[in-house]
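Same chain, two partners: subunit A is paired with subunit B first, then with subunit C.
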Partner chain A sequence: MPRYIVEVLIENKKTIRDPEGETICRELINKGGYDSIKSVRVGKLLRMEVEGSSEEEVKELVTRMCNDLRIYNPVVHSYRVEIRGITR
Partner chain B sequence: MIVERPDMQVKVNLTREELEKAKEMLGREPNIVELGMIDIMWSEHCSYKSSREVLKILPREGEHVIIGPGQDAGVVDIGNGLAVVFKIESHNHPSAVDPYNGAATGVGGIIRDILCMGARPIALVDSLRFGFPSSPHARWLFRYVVKGIADYGNCTGIPTVAGQVEFDPSFERNCLVNVGCVGIARKDRIMPSVASNPGDVLVLVGGSTGRDGIHGVTFASKTLSEKSEEERSSVQIGDPFMKKLVIEATLEAVETGYVRGLKDLGGGGLTCATSEMAAKGGTGVEIELSKVHLREEGMTPYEIMLSESQERMLFVVDPKGLDKVLSVFEKYEIPYSIIGRVTDTREVVVKLNGKVVARVPAKLLAEAPLAKRTSKKPAYVEKLRDIPPPPMPENLEETLPQLLSSPNIASKEWVYQQYDHEVGIRTVVKPGQADAAVLRIIEEDGGNRGIAIKADCNSRHMYLDPFNGAAGALAECCRNIVAVGGKPLAFVDCANFGNPEKPEIFWQFEMAIKGLAYMARGLGIPCVGGNVSFYNEDETTGRAVKPSTEVLAIGLVEDLKHVTTMAFKSAGDVIVVVGKTFREVGGSEYYYIVHGIEGGKVPAADPNREKSSMNAVLEGIRRGYVTAAHDISRGGFAVALAEMAIQGGRGAEVFLDNMPREPMRIDELLYSESNARFIITVEEKNLDNFISLCRNTGAPFGIIGRVSRSNRLILRYESLVLEYDVHHLEKAWKMPIWEYMEGLRS
Partner chain C sequence: MRVAVIRFPGSNCDLDTVFVLRKVIGVKADLVWHKNFKGDYDAVILPGGFSYGDYLRAGIIAAHSPAMKYVKEMAREGLPVLGICNGFQILIEAGLLPGALIRNTTLKFICKWVFLKVKTTRTAFSNLMKREQVLKMPIAHNEGRYFIDEKGLRELMENDQIVFTYVDGEGNETPNANPNGSVANIAGVCNLEGNVVGLMPHPERASEAILSPYGSDDGKLLFLSMKNFLERWM
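Let's look at the complex of A and B:
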């Protein structure tokens, strides 16, 4: 069975603050002289290898897992599941 | 209901009558912005429209009271030019939806309440209630509420020193998260939340204003339903590092002497802060929304006025010192904006680019019409009270370890080991060591005084008998303060109930406040503030939480050398029980855990009995007679004795026949949760002195045994002997919550 590389990107919803990103932008980047960088959002990337017979099947499985196991916090996070290729 | 306007429609929680009343008071139809402002200010959370009348019966006056209820926090004089500022508040609804962020922002909110009185926050206290930990959902809420509190509190550098955790199935979906904060201030720097002088400048300081938390308050004034899932954007993200800067900048700004009023932006946001400050000062305010520093583009006046974004404070500044105050904010690199001025119009006027978008009298917003609630005694009260006593357990010896393993009694180390309880170098008594936390008061003249802090409530007692339950909560809280060597000074309370529109729930609330008032008057301890959280019920099941009036009390320890912990100290110390045991096993942990019963007559609360016991123990501690002290409450005498043995790592031999008591069975004597009792130890040479103290105050007492050299805890009663290895008891008591959380126990 093929093995897919799947990435789950979790970040705060657009309308939700991201104090970590704000702090990095303000204290590290802007104070470090990179003024043209206006905002930073921090997220979390889960890259996984998933066995399955098709892209659709794998995507469906990972999405279900994210919701089942609360791999993200539905109150504040949005998440995106992307297929990045096949390892074999 | 939905209100239609030509350009949009808004959902408001106002009733039709309230809407009519608002129209009448305003003399015209409110526009959308005004409607939003009235809606939020007339919500239960901001207006106390159901509870205000009832709360009036609490005693508010006392020799130490500087500021009582009605401000952001209570203020109590502790002498030497210093004052203690404290408050407790609920963050139940947000925590039930998002435990981590809900609890964290609850901590953030209560810190601001203390800060805005001009005080430095020095300690946090958390009282938490969840479903029984065998439930995965309850564990999930428990785990992340504790983590949220720990992450936020630890980052701000304020130690979390005390609290309480209760487990009961009624909190399964509606957890209760009551967060308290204690601060200390110079008396001459106490800051009122008021705008008194027209011409003063309004400066909004701290986090930027975004769309988060809009309608957070109206959300808290509704029962949780399936729909809440969609309302999740009402939950906010806190920023504890920004909070730390806001704390330091605020205190430094106050120090300039040019800040004349200060209020935090919590529930109700800018609307609440401006209207309450103006209403209290008999003034008005005029603000320009284009000046407010925003986080998102295209925000409407409605959104800006209702946003509940975190870490914001509103300063009222004397124009003469404006530059000086602003330079403080610049030094800390905290965003601020000058948003308007205090006026003499008694109106809150909101402008956008010079055009008036809202104009409402401040009093209309700040003084919502009362909601008339009816009250009716629920049928369950008498039915549950009159149940017959259960049979004697077959194996009495096993019941003590069984009770020690109940999550309601077992060690809460799993919780407090996540909290930084030492940051700030004030912590004298750490969590778990004694009945209350003690914090050092740092004084210039080298004084050696401390503040004792404790929060208590037994929700099962309150459910069965709200009057005695609430009175007992205050009594227990004061006993805990006395046990560490503190004199109780004042309290604040956080009332958590179901839907007050239901007469049975409102009856619980009324009886509870009556009970609190009765005990407060009897003990001479004033109430200096509090918070009411209604609608703590699950809409789908119609189930309300067990009522809880969490009491947070503070006491003064005159000399830190008085501080007493619960651990048995030395072999040979004499063990004395102070206070009489009554046949009051109703609502006990023993009935619940061993017999699976919730019922019976709960312990009566009597201020006179409390006073005689407390006076004897406090005086005994101050004179140095007492080597260990522990109040008897949940789990009764046997559990209190076992806790002293476990903490001291040594056993004892006691004769229960010597306990002052009314006739009852041995199991009842062991586990009755009667009020007004302590177990203390004294050195033999001081025994006579201590006994004469008890005689002077009229406290019943019994000399029941001695601390032993071995690790055997032996309880004798007539011909019966119960014998335990202290290490076994310790294991039974120490592990359960860890095991639940690791999935090893269910």
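Let's look at the complex of A and C:
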């Protein structure tokens, strides 16, 4: 069975301030001379290898897992599931 | 009366809490490894610490411990359930309390004594306090910024679920008195029934005057309220 590389990206919802991203943008990037970079949002990336017979099946499984186990907190986070390729 | 303090891998305020229950409050208290907890107690406390190294999100992995099934049963039966600091994070991640606890707006781990205002005395852990009473207790956390959306906040207010807020010495909920960016200065909340309470401050570190730089033993009131609740209503 093929093994897919799946990435889950978790970040704060747009309406929720991300002080870590703001600080990185202001104190590191802008002060370091990169003025055209206007905002940064920090997230968490979970890269997984998932066995399955199709992209759709794998995506459905990972999405279900994220909701079932509260991999993200729906009160504050948004999340995205992306297929990044096949390992074999 | 038997109270359980659950130890998760990474709990580090468990022994302090057991000590206060036994020596200061005078109730039978057991330290219970989370995998051995079966809920056969009159009350349960989830102590502070860094369960599972705060991996993924503070409290989320402990929230999936088999112990939480029994904590949920106790909560449903109306028994006192308290979450302190990381324990509060666990109760939220387990869905026993509303909202979320996220990174402090300062991005700093904050360790200091703060003033709290008692917002409701109807809970299992605040029934010996007075409404609007100002308490002094320490906080020590990195993810203590309480968040809930506007609708959720309205519901908390309407249902009298805000238990403690951060205030200045005069009891005013000012932005300066808010150490971590919590919505509405919230430091602690309860469930609808008032038997499940979570708070970021550490009452177990403020239960003996000799251990406080300010001579405060205000934290004792939480545990005495729990004892009172069990004696009077259970």
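Following the convention adopted for this analysis, the second predicted complex is superposed on the first by the 88 of 88 C-alpha atoms of A that agree within 3 Å, B and C clash if a C-alpha of one lies under 4 Å from a C-alpha of the other, contacts with A are read in each partner's own complex, and residues count from 1 in each chain.
Here, a contact is a pair of C-beta atoms (placed from the backbone, for glycine too) under 8 Å apart; a residue touches a chain by one contact, two chains touch by 3 or more.
Worth saying up front: this structure is predicted, and the values here are computed from it rather than measured.
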Going by the contact rule set out at the top, does A:71 touch subunit B (first), subunit C (second), both, or neither?
second
Scan A:16 for contacts with subunit B and subunit C and give back first, second, both or neither.
both
Residues on subunit A in contact with subunit B in one complex and with subunit C in the other?
12, 16-17, 19, 23, 73, 75-76
Residues of subunit B touching subunit A in the complex:
97-98, 100-101, 207, 210-212, 232-233, 235-239, 241-242, 295-296, 309-310
What does subunit A use to touch subunit B in their complex?
12-13, 15-19, 22-23, 73-76
Could you list, by residue number, the parts of subunit A that touch subunit C in their complex?
12, 16-17, 19-20, 23, 44, 69-71, 73, 75-76
Can you list the residues on subunit C that touch subunit A in the complex?
56-57, 60, 63-64, 93, 99-100, 102-107, 147-149, 152, 181
